[in-house]
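Sharing a structure, written as C-alpha cells. Questions coming.
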Amino acid sequence: MPEDRVKVILEELYRRGARPRKRISMRLLTAASTAASVAGLIVILVLARGAEAPLMSISDVYGNYLMNYAVVRLQGVVDGVPYLDNSTGRLTIRFALDDGTGTMNVYAYQPVSLELLRLRRIPFPGDIVTVEVQLRVRETYTYGILQSAEQIEIESPAGEPVRVKKLTTDMEGLLVRASGAVTSSRLVSSGILFTLSTEGGEITVLAPELLRFYDQERYEELVEALRPGALVEVEGIVYLYKGSSPEIVVRGFEDLKLKPPEKPVVAKVADLPGLVGKKVKLQVEVLVEEYVSSSREYTLVLRDETGSAAARAKREVLMEADPFALSSGPASVVGRVAEGGLVVVEAIEPAAAWSGRYVRVGDLGTLEEGVFVAVRGSVRDLVKRATFAIFYLDDGTGSIKVFIPVSVLQRIGFEIEEGAELSVAGYTDVYRGELEIVVFSPLGVRGG
Amino acid sequence: MLDPLSVVLWALFGVAVGLLFSWMPGFHVYNVIALLTATGLTFTFMPSDAFPFFVLGAIVSFAYASTISTVYFSVADDTMIFMLFPTQRYLVVGRGHEAVLLTLIGAFGASLVLAASLPILPLVLPTLRDLLNPYIPLFLASLVVFMFMSEWLKVGDRVENPRLRIAVAWTQALGGIFVFLASGVLGFILMYTNFLPARVAYVRLTPMFLGFFGLPWVLLNILSDVRIGEQITEDTVATDPRALLNGLFGGVLGGYIAAFFPIITGGMGALVAGHMTSQRGDDTFIVSQGANRFVYYVGAFLFLFLPTAAITRGGAAWLVSGVYQPKTYREYVYAAGVLLLASGVSFLGTLLLSKAVARVVTRHYKTISYAVAGLLFLISWALTGFMGVVVMVVASLIGLAAAFFNTRRSYCLGGLIFPVLLSMTGYTEVFASLLGL
Amino acid sequence: MRGLVHFLSGLAAATFFRGLLMDVQRGCLAAVIPAACAYLPDFFDFKFWKFLEKWDYNVDPAPQDPSESKAPKLVKIAELSDDDRYRFYALKGRVLEVTDEGEKLTFLLDDGSGRMRVIALKEDREALLEALGGPPREGDEVQVSGYMDYLDGEKVFFVADAPHPMYVAERIARAIDDAYSKGEVRVKVQTIRMSGDVYRRYIIDLDGENRVVRVAMGPLVTVGGNPLEERGVPEYRRVAEARTKARFVKKYPKPTVIEAFSGPTIGFKREGDVVEEVFLPWHREWSHSFVTGVLVAVIVYILGWLAGYPNTAQLSIASLAGFWLHIVEDQLGFMGGNLFFPFTSRRIPGLGIAESGSAVMNFATAWLMISLMIANLNRFSPKPPIPLPYTTLVLLLSIPSIALYAYAVWRWLRERTKVKAEEIAAKEAMEEEEELGGA
C-alpha cells in the first residue's frame, strides 16, 4: 500500500551511516551518448558506402520470403510493353523483367514514376535493364519496387533500324523501320493499335499508351491522325504479342512520322491494273463476296460500267459505312491498288443518302448475292447466342433470316425483342443453302 | 482448408509460444516468429495455411504478456529520468501487479471491441484505404510535426534567468530533434543499402528496434539505484468505470489509427487518441495502453485476413503474406474465433505470469536485466550477424540519448518514419547523395 | 482544447484547398503548415513565452538536488542563510549530544562546516526513530531532512518531511505588497518533488477579505494527484499565515493547489486601490490574438512566395484559418484570451461551455475536423470512393459531433454560474500547462 512507499521515502530522508550514494553525472551521460551515437553513425555510414546491392537472379529471390524487403540488383530484358496507370490519381509504372531464370514485375510508384516519366527513362520491350529494387515477397508473387529514378540503367538496341515490309517471329527485339498506309486503327488498353499496309503485306504497330503520359494533347492528335488511309513511317522494336504475334512498338512521338495524305486518283475499274501502288477513288457498286474471319476482312467486288475488280476491306471500314445508304445505289470507294489490280479499301462512303426504299422480303430471292438491301418487318423466332443473334423478319410478303454478329449487336444501343418492328440493312448471303441478310454495321439496325 | 480443430490447436500453440517469450524484456514476438521462420522449424511440421493462425495466437498473447516487461522490467531511477511512466510509478509503490491487471482489462475490453467490429471492417476499410492512401505522407508528416511541436519541455522550469531557462528547456527539444534525425539516418542506411546482407533483409530493422527500445531500458536498470518494494499480488484494481471506459475508448481508437496507417505505431496512435479523448489519470492511461497495444498489434495483423481487401500492416503480416495469404471468409471467421480464444487464454496466463514475476523481480531485477541484455545481443547476432550487433549498439546509444535528454522515446521511430517520408516525397535519392551513398 | 485537436483543425482547413491536396500527391507536404499554424498559439506560449517570463519572485520551498532533480537538497550548515528559513533541505553530519525528552528529540549535528541543533518533535520524532531504527547515538553519521528556523534567537534545524508553509506564505504576502507599490509583480511558485516521482501537495489560499495569505502543506501525492498518505504533515507545521498591508482581490474563490510537474506563475497587478491576482499571466496574451494570426499568415505568404511555391495564397489562407480556429476553440472554454492584442490589453473570458480538457468537447471537435477532412478528400478524389454528395457526407459524418456539442451546450445552460467559471478557468490553465507529451 502507499504507506509502504511513504516509509521508503522517509528512509531516504533520514538515514543512518554514511552510505555513499552513487552519483552519475547526467550531463556527462547525455554528452557521451550523443557523441557516441554520432561516432557510431559515421562508422556505419562509411561501411555502408562500400556495401553494394548484390546482383541476383530472379529465380533466387522469387518466392523466397526471407528476401522480403531485400535491396537487390536485377538484370534482364524487358518483356512486354510498360504499363502505366493513374486511375487512383497516383501514377504507377510497371514493366516485366526477364533475366533468363524467371520473370518478375518491377513497379515504380509516385513520385519515382513521375521522375521516370520526366526523364523519359521508361524501358521498352527488348531493352536490357539493370535495376536496383526493394523486393516484396508475397505468397503467390514477388515484385520489386524501384526506389529512385537513378537506380535504373537502360540499354536500348542501337544502330540503324532495319527497313522491313513484313514481320516474322525471328525479328523479336530487332530495331526496324516500316512505312505504309494505315488500313485500320483502334484504341486498345495498351495504346493505339494500327495496321500498316506495306508492299509486302500488313504490319501491326502499337503506339503505346505511355505516349499519352508524355503529351496528352499530342497523343489525342495521333489518335485522330492514325485513320485508315494515313501514310505513316514508323520506327520501333519488334515485340511478340502473346509470344507469337509480331508487332512494332513505337518508343516515342519522334518514331512516328505522318506523311501528308495522298490525294486519290479518280479512276474507273478498267484503269486499275495501271495504277498499282496508287491511291484511287472509284464510284462503284459494291458487292460482298465473303467475310474472312481469320483476317477480319471482307472480300468485295467493285463494279462499274468498265468492269469489275476484286477488293478487300477491313471489318472496321465496312462498319463505318451506312448500310441503308449503300442499299440505295453506288458508293464512293477509296483504296490503294495492290498487285493484280486488287483494291485494298480504306474507306467506303455511299454516293447519296438513303432513298428510304425497302425491298420486299418476297423479292429478295430475285436479287444478286452480296448486294446491299434494306428490309423491314416483325421479328420472329429470335435466337441469341454468345457470338451472334439470328431472327426472321416478316413483312407480310415473306420471312427472311437476319444474322447479326456479336461485334455489331453490342453496338446497336438497344435490345432486339421478339415481335418488335425492325428495319435492317445489310448484304445478302447464302449460308448453308438458306438466303440471309448479314448486318455488318450497327448503323444497319433501326427500331420500327 | 484447415478444419476448425486444427485452427484451434495451431492457434493455441502460437499462444503458448507467445506467452513463453513475450514477458521477457526486449523480446518482440516478431523476433520469435522471424527466428522460427528463418530456421525453417515451423514449416517442417506446420502446414502453410496454419501459419497465419499460429502467428495470430502468438501476437494476441504478446499483446497481453508483453505488459509484464513494460511494468516490471523498465524501472528507472527517478534521479536519471525526469518523469516516470505510470506503470513505473505503480511498480515503485508495490502495485505492479495492479498495473498489469489494468493493462489486461484494457486489452480484454479491446479484444471484445475488435471482435465486434470484424463484420464491419470488410465494408469500411477498403473505402477508407482508397480514400486515404494518396495522403498517407501528409498524415505521417503531420504527426511527426505535432510530436515535435507539442513536446512538453520538462526541464529548465526552476532556472531564474529567462535566457538560461529557455536554453535549458530547449536542450530537451533539440535533443529530440537529434534523436529523430540520428535514428532517421540509421534507418535510412538500413533500408536502402546493403549494410546488412540481403539474406537477412526480412529482419533488417530488428537490431535497430532492439537497440532503440530494448537495450537502453535494460542498461538503465543496471545503472540505476532503485529499490523496488514488495509487490502486492492481489487481483484488485483501484479505479472507476468511467476511467475504464475512457481508457478503453481512447486505447481502441488509438490502436485503430495505428493499425490502419502504415508506419504509425501504437505509441503515436495512443498520443492522437489520448488528445482526442482528453485522457487524464494513471489508471485511465494504463487501461488505454493495454487496449491500444492490443488493437494495434492484433488489429493490424487481422487486416491480412480481410477478404475484401487484404491490407498488409506490420512485420508479422508481411512475413506471413510471403508464406500464405488468407483468402476466404471462412478464414476470416476462424480468425475472429482465434482472437477471442487466444484472448481468454492469454489473459489468464499473463495474470499468473505476473504473480510469478512479481515475486522474483524485487529481489533479482538487476540480475534479470543482465541476462536480458545478454539475450538481446544473442538475438541480434543470431538474426543478423555481427553487423546487426553493431547496429544494435549504435541504436542503443541513440535510445539512451533520448532517455538522457528527457525527450520522447518515440522519436527513435524516426528510424522508420524518416526514410519512409523521404521515399513518399521523392527525396530518397537526394538524401542518399547527401550521405554519399 | 487539447493540442492535437487544434492541430487537426488546421489540417482540416488545409483540405479545403484542392491545390494543397494535389501537391501532397506530388510529394510536396506544404499542407502540414496550416496544421502547424493551428498549434502555434500554444507553441508560442509553452515553448517560448513561458520561459522568457521574468519572475520577480521565485518561490521555491524545496530546492532540488541538481544531480537528482528532487528534494531535499543536501547543504552544509554554513550555507544556510536567513533567506533559507523554513526551506526544505537535508543535512549530513556527525551526531553530538543527544537529548531525548519523550516528544522532543534533540541532538547537535556537526557537518564539518559548522554545528547546528537538530530538533525532532512529535510525529517527526517518531518518523526519525523509525527510519534510523532507534535514537541516534553520539558519533553516528546521519542524514536528516527538514527546515531551518529560529528558536530563542538561535538557528535550529527542525526535522521534517516538508518545508514549513510559512516560507511560501511570507513571500506571497510580500509580493502582493510589492505589487501595490510597483504596479505589477510576477511570482513563480515551484513544486516539491520527492523521491519516486511523487510530489508534496500544498495549497495557497488568498483570503482578500482578511488580507491573509494562508498556506497549507498537504500529503504526498502521485503525479495524477492521488494521495499516498492519509494524514499528511503534522498539525504543528501544517498551516501558516502571513498578512499583507495592501488590499487584494482573488478572482477565483477556491485555493490554488500546487501538486505535480510545473508550478504556476501568478501575477499580481494593482488595479486602483487593490491588487488583483492574474493566473498564468503569460498565457493566451499576444499569442492568442486574431491580429497575430494575420501576421503569421503574412509571414507564411512571404516565405512561400520567396520559395516560389505556386499555391502560396491557398497556403496562407489555410494557415490563417487554422490559427483563428485555435482562438475560437479556446474561447469555448473558460480562460479566454487577449483576442485583439495589441489593440486590447486584457484577456476576454471564454464562453465557458466546457473546460479545455473536456473529453466531450475535445472528441466532438476532433471528430468534426476528421469528418470535414474525409469529405474534402472524397470530393477532390478523381474517383470519389464514397458515393455521396459533399453536404450529405459532412452531415452524416458529423452526427456524433453534433450530438456531443448539443450535450455540452445543454450542460452549460444548466450549470452556468460565475463563480464556477472563474474557478474552472484557473484549473483549465493549470491543466493546459501539464499536458503530457507522452513517451
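Every chain is named by a letter (A, B and C) in the order it is written, and numbering of its residues begins at 1.
In this text, a residue touches a chain if its C-beta (ideal position, glycine included) is under 8 Å from a C-beta of that chain, and two chains touch if they have at least 3 such contacts.
Everything quoted here is computed from the prediction, not taken from an experiment.
Need the most distant chain from chain C, centre defined as the mean of C-alpha atoms.
A
Count the C-beta pairs in contact for B-C and for A-C, then report the pair with the higher count.
B-C
When the mean CA coordinate of each chain is compared with the mean CA coordinate of the whole protein, which chain is closest?
Closest to the centre of all protein C-alpha atoms: chain B.
Taking the mean of the C-alpha atoms as each chain's centre, how many Å separate chain A from chain B?
48
Distance-wise, how many Å sit between the C-alpha centres of chain B and chain C, to the nearest whole number?
For chain B versus chain C, the centre distance works out to 31 Å.
So what's the Cα centroid distance for chain A and chain C, whole Å?
67
Pull out every residue in chain A that's touching 2 or more other chains.
Counting only residues that touch two or more other chains, chain A contributes 2, 5, 8, 24, 26, 88-90, 110-111, 114.
At least two other chains touched by the same residue of chain C: list those residues.
25, 27, 67, 195-196, 198, 228, 381
Got the chain B residues that touch at least 2 other chains?
In chain B, 79, 92-93, 130, 134, 424-426 touch at least two other chains.
Looking at the complex, which residues from chain C come into contact with chain A?
25-27, 67, 72, 90, 92, 127-128, 130-133, 136, 140-145, 159, 161, 194-196, 198, 220, 227-229, 381-383
What residues on chain C touch chain B, complex-wise?
Residue positions touching the partner: 2-5, 7, 11, 21, 24-25, 27-29, 31-32, 35-36, 39, 43, 46-48, 51-55, 58, 60, 64, 67-70, 190, 195-198, 222-224, 226, 228, 261-263, 357-359, 362-363, 366-367, 374, 377-378, 381, 385-386, 431, 434-439.
Looking at the complex, which residues from chain A come into contact with chain C?
Chain A reaches chain C through residues 2-3, 5-18, 23-26, 87-90, 110-111, 114.
In the complex, go through chain B and note every residue touching chain C.
Within the complex, chain B touches chain C at residues 78-79, 82-86, 88-89, 92-93, 127, 130-132, 134-135, 137-138, 141-142, 145-147, 149-154, 156-158, 160, 162-163, 165-166, 169-170, 173, 246, 267, 270-272, 274-283, 408-410, 424-427.
Tell me, which parts of chain A touch chain B in their complex?
Going by the criterion above, the answer is residues 1-2, 4-5, 8, 21-22, 24, 26, 29-30, 33-34, 36-38, 40-41, 43-45, 47-49, 51-54, 56, 65-72, 88-90, 110-112, 114-115, 134-135, 137-140, 147-151.
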